[in-house]
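Each structure below is given as structure tokens.
Two complexes, one shared chain (subunit A), two partners (subunit B, subunit C).
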Partner chain A sequence: MVTPDKERAAEQAVPHSFKKKRGDNYFMEQKKIFSEPVKYDLTFAREIYRLENGSYIKQCMNCGLCTVSCATRDVMEYPPRQLFNLIKLGKKEEVLTSNTFWSCTSCCTCKARCPRGIPIIDVMHDLKKYAIEYGYTDYPQAAFYKAFWTEMSSRGKMFEGGMTARYFLTRGLDEIVKAMDMKDVGISMLKHGRMPLLPPKKIKGLGGLKKIISKAQELDRKEAAR
Partner chain B sequence: MRYSYYPGCSSEATAKANAHSIEGVAKALDVQLEEIPDWNCCGASVASGVVGDFTQLVVTARNLAIAETKGLDVVTGCSSCYMTLAVANKKFKQDEHFRAKANEALAAAGLNYNGTLQVRQFLDVIINDVGLDKVAQKVKKSLDGLTVAGYVGCQTVRALPFEFDDPEQPVFMDRLMEALGATAADFPMRARCCGSSSTIPARDIVLDLGYKIFESAVAGGAQVIVTPCPMCQLNLDAYQSLVNRKYGTNFNIPVLFFTQLMAVAFGLSLEDQAFKYSIVSPYEALVQYSK
Partner chain C sequence: MEKKIAVYICTGCGIGDALDIDALSKVAKGEFKVPICKTDGQLCGPEGVALIKQDIENDGVDTVVIAGCSARVNYDVFKFGSDKIVERVNLREQVIWCHTADDEDTQMLAEDYMRMGLVKQKNMNVPEPYHVESFSRNIMVLGGGLTGLTAALESAKAGYSTILVEKEAELGGYVGKMYKQVPMKPPFTDLEENCIPNLVKAVEDAGVKIYKSATVENTAGAPGMFDVTIKQDDGTVQERVGAIVLATGAKPYEADKLGHLGFGKFPNVITQSMFEEMAVAGTPEASKVAFIQCAGSRDQEHLPYCSAACCIESIKQALYVKEKNDEANVYVYYKDIRSNGQYEHFYMKAQQEGVVFVKGDVTEITEEDGKLTIEADDKTMGTTSLADEFDYVVLANGMVPTAALGDLMEEESTTDEAAAACDEPKASTPPIIKANLLNLVYRQGPELPALKYGFPDSHYICFPYETRRTGIYAAGVVRAPMDMLSAVEDGAGAAMKAIQCVEVTEKGEAVHPRSGDMSFPEFNMNRCTQCKRCTEECPFGAINEDEKGNPLPNPSRCRRCGTCMGACPERIISFKNYSVPMVGNMVKAIEMPEEDEEKPRILIFACDNDAIPALDMAGINHMQYNSWVRIIPLRCLGSLNLVWINDAMGRGFDGVLLMGCKHGDDYQCHFMKGSELAEIRLSKISETLDRLGLESERVRATTVSIMDYDKIPAMLDEFAADLEELGPNPMKDFQ
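Let's turn to the complex of A and B:
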């Protein structure tokens, strides 16, 4: 989980030649953090570069503008710049178990500011999808995202009640207990007519929509296989 | 002025106030909004995290394909829908490979989109198509004496930067409020993020960002916050009490859709002003303006 140490260490990840000059102590500090000394393993990086927007990461020049701009950097284990660096270094576990892309709110600040024109939020979407596919779904957001999609694709419209129910079913009792202080919010939403208890009607073209979705996914798979 | 209208899912649930006030204001300004038949959810900024950008953009484009048969540009009153629809639209216009591939998927339901439409935020339509002069002419009850924090949020101005306002410090919302007779609060947080859909899985993100936004609005002397975005409105309105609980503050600042204040200034019906959906009551702050 988030430790200031880990964050600082990643911030300080510097090339080998530089470390040597700093003497043994400095190197030991680094060793405590990383499971192994920095070693480039391109397998993971290449896999990420192949994602829909993944190749943009190669353009990142590590300027850090995304990090200072990020709305949720305070809660992110690694801000976007560091995450991209870790991807380049092949640090698969660090990347996939981090909360970075799950904390991204798609606020577009980084995307609008990145001097290299990297659509950072779209890269974050790719990483979410990749993490779900490979079973890195411990963060609550993963359950939320899946609940959202199931709800939307089975109706053609979003029904918050259904999505919330699905979310809590996946996350279990603990999460419900934690959310108890939100019940006031729920009650006032109900009172003010903003939380319908019944779902909206399914769209008429739901059959067609489902066909569109499976065709789109098929085309995506075909392109990825190339 | 005629447009195809994409209401978005929130218009039937958490953001009914948005739907009602947009309808009223559009009518008052002779803007005809024709709902896209059998529209579907755009997927917001969430779906692509499960199924990827391409699939989400195609799902979104189903709405554009249906709208194109009528040939009217698409207007939406939701920032998230705007982002998704506008980004999809831009891809259809600019990326030939994407267009061909996306149309192959749309063809599975007998649809096709050539990318001939524009996607617009309702705010953009009011400013650039209707014009602030016409807005000012319609004002029956000037909001003189009211200080308003124009909270534009993220996606409206940053989905496609510079499409209709400055992505860092947008000014259109303030100009619109001034056209209604109100004073625009000095409000540096006007385009920062509200935490979006983190409310359920990571509530603290929303509470922390909310705190900063309220603080900035109040410091600027605002009595009311207005926004064009259902997600921002929901987070700042429904979770204001939790922000107060977490930070020991006592913010009590109503958060309305900008169209609700327009409805007030135009002297439209209470139905169009749609105050009853507000959790933080706007009645006290607006008692001398609202009939």
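Let's turn to the complex of A and C:
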């Protein structure tokens, strides 16, 4: 059993510089997530297993290779394997409010390395979709995804200024204040012609793109109905 | 009969460039008056071999000394029939490849090796094979479980009449009582029907002689001539067999000792075998079942080792539950799932079926209204996990080899004489557990010596199935914990070993590791003092004793290591081609330079099995080392006789180094404890050296494995430096 004493000792045993580099979340594993005893309840898990790549979760053998391969593990609340275990524990709230799948950059390293062949990034996509579907969108990344999508589907092209505006509008006033911190980046991008002031022209054949999208959505709905 | 000797010096591989071949020929022709001494540019080529064969035919040469490469290569090229003695002088790997070319010291080294080789062959005779009287080729398999049945079937299929002895009334053993078995073939995902009924039928059809409800009352004799008394209800039967496969299996660990997991307290906490019985009777409908892995295994208070099979057996049983009720919740609490090899697929299959695997230690099991609750430390979540409403909790209680079930054999009662001998350091003797399996009529005890945890001794990497009793091969879970697939492989492997043993014993050859060796120890009984050292020290229990304490050798049990030869204080034990005088004369053949020449000499006794290959490897890699060394290969350091060291020190050698294999728990010695015995003997000699006014640091023992070849130069240089500090051996002046 990991006692608080042991936990502290383990943390102290690691040089400070290393700790700093790895970030505090590196020691996630030793931290107690729950003070109450946990119970395995597969009701929620069975729902997740039904997602397109959901049943792969069952295959996880807790080796942790995904965690050590992950570029964004330092910002993740739970490493992937713990997230999978949370699903088995039926911790729906913890799973869907966690930033783990939102932090996934789809770099594919974990998927390539997983000895059990779990397509982890696809599982993460499924979880994102599931979270949005059930209204768990109170995440900057979720808003960002939405802003990105709206911009792309309406224009067929990216307009950075428009997307940023959409993003901050959905996130609310507080965020706009925060956004001021990033003004240097924005100005710099403007100077280098990386962020046009005016929206670009829509692509040719936008109607075609929209048809493609709606067809894909239709297929997706059919898939879900099955 | 006078030997007709011929010396052939190969000048290929750079030997001719690095050494003065004429001077080398002069050693053979002049000093040793060898009638034929020829050189050839490539002795291992067809012309070189033809040259030798021609001399054998025309001049009646019967002893061939080849100075060239190591005896570890080209041994198949230089093969001239079993009636010829072939001696190889290693000029390549141990001289020119690791010492400076055209150098005085290198030339002296080569000449000394030539002298040693010539002296060696003088003391060698052609071995005559030992033939067992009323030899039997039959093979007995003890134990009729999965391993035993496989071994019996394999040996019968290979054409050997086989006897199978089973303690119980029915064949099949532990596996025979199973409902279904783990997958044995690709894709390793599906439960299979029990294979035992088919296997039993195959064994019966193959004509194996089966004794059911039978035990072995005693086993006497040696390979090729074991006399086994088999006890059945209605009396005893005698069978003569050539070799024995021990496949007596294992027993589940006593669940009564697992009270902390609720066994005995709650009726629904059961063991794997109990669950198996229930499954045979028709799996009980269960909606929630937990399996607890490592219940007793990998636990210092119970079984310290991993029982290897329980993980996949539990997975199998978890699938029984799922097979019956798809909606059932099945939990497996584990330390690590050890689903070796292809069984990883089986593990994944269980995961796909929805079995929940919880990594954690179970801390408490409680019961309420017949339903069980498990509290565990969940290692993945770093917290406590609770699960309740279990219908059954199944303990994977591990296995104990049948060889470990019994009382430890007591040491012989200590007489005054023995008490006196206790002061001397002694080699550790392996424990023998009276498990009532073989009941050997051996001086050393009734069963196979046990390794850690009571498994019969067997070096699991180098010599699987080999035990310390030649001709008896352990297989299956009695040898080591393993799953069914490994047990099947083991049964076949041990049967092959038994067949090998029968075949080579018939020819009078040694079994592994000195395969093909026809020599065996001969005792000059006139001078025996009944000191019992040979019988005690023989690692294979090859030597029995009569009432007076005279040794009674059993040559077919012998592995030809020469440990008895090294042990004998009277030096009455010798082989036809390996003896105390032979090595002693080799030591004496080395030229000893005068003290003022400042050419120290270091004698190395190196074990043939690891040290010599390592020295050769150092040569192959052209690593340079001290050219003061003179290397004498020994069959095993256990054959080291202290008289050689006395001789060497008396002749003025500045130091003696023993190079043997690692000993102790993870020994690498091919003869179990040869290097350990050599070190013990060495501790006795240091006293003598001190008395002679010689520093005991001059004689050292070291262990090298074959992979340590790169450390050898440093090892030798360090020793040489130490010796230089001690100064030359004062005995040099008395020569």
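Worth pointing out:
Here is the rule we use: the second predicted complex is superposed on the first by the 186 of 226 C-alpha atoms of A that agree within 3 Å, B and C clash if a C-alpha of one lies under 4 Å from a C-alpha of the other, contacts with A are read in each partner's own complex, and residues count from 1 in each chain.
Following the convention adopted for this analysis, a residue touches a chain if its C-beta (ideal position, glycine included) is under 8 Å from a C-beta of that chain, and two chains touch if they have at least 3 such contacts.
This structure is a prediction, so every number in the text was calculated from the model and none was measured.
When both complexes are overlaid on chain A, the residue A:K111 reaches subunit B alone and has no touch with subunit C.
Of the two partner chains placed around the shared chain by superposition, neither subunit B nor subunit C is touched by A:S154. Legend: residue contacts after superposition of the two complexes on their common chain; A:T170 is shown touching neither subunit B nor subunit C. Legend: residue contacts after superposition of the two complexes on their common chain; A:L42 is shown touching subunit C, with no touch to subunit B. Contact comparison for subunit A: of subunit B and subunit C, B touches the greater number of residues. Contacts of A:T137 after superposition: neither subunit B nor subunit C is touched.
Shared contact residues on subunit A (touching subunit B in one structure, subunit C in the other): none found. Within the complex formed with subunit A, the residues of subunit B that make contact are 9-10, 12-16, 38-41, 43-55, 58-59, 62, 83, 101-102, 104-111, 154-155, 158-159, 161, 167-168, 192-193, 195-198, 200-205, 208-209, 238-239, 241-242, 245, 276-279. If you check the complex, the residues on subunit C that touch subunit A are 329, 331, 337, 347-348, 351-352, 354, 356-359, 361, 363, 375, 377-378, 380-387. Here subunit A touches subunit B in the complex through residues 52-53, 71-72, 74-75, 102-103, 105-109, 111-112, 121-122, 124-126, 128-129, 132, 139-141, 143-146, 148-149, 152, 155-160, 164, 167, 179, 181-182, 184-185, 188-189, 192-196, 200, 203-205, 207-209, 211-217, 219-220, 223, going by the rule given at the top.
On the subunit A side of its complex with subunit C, the touching residues are 1-2, 29-35, 37-40, 42, 55, 58-62, 81-82, 85-86, 88-89, 116.
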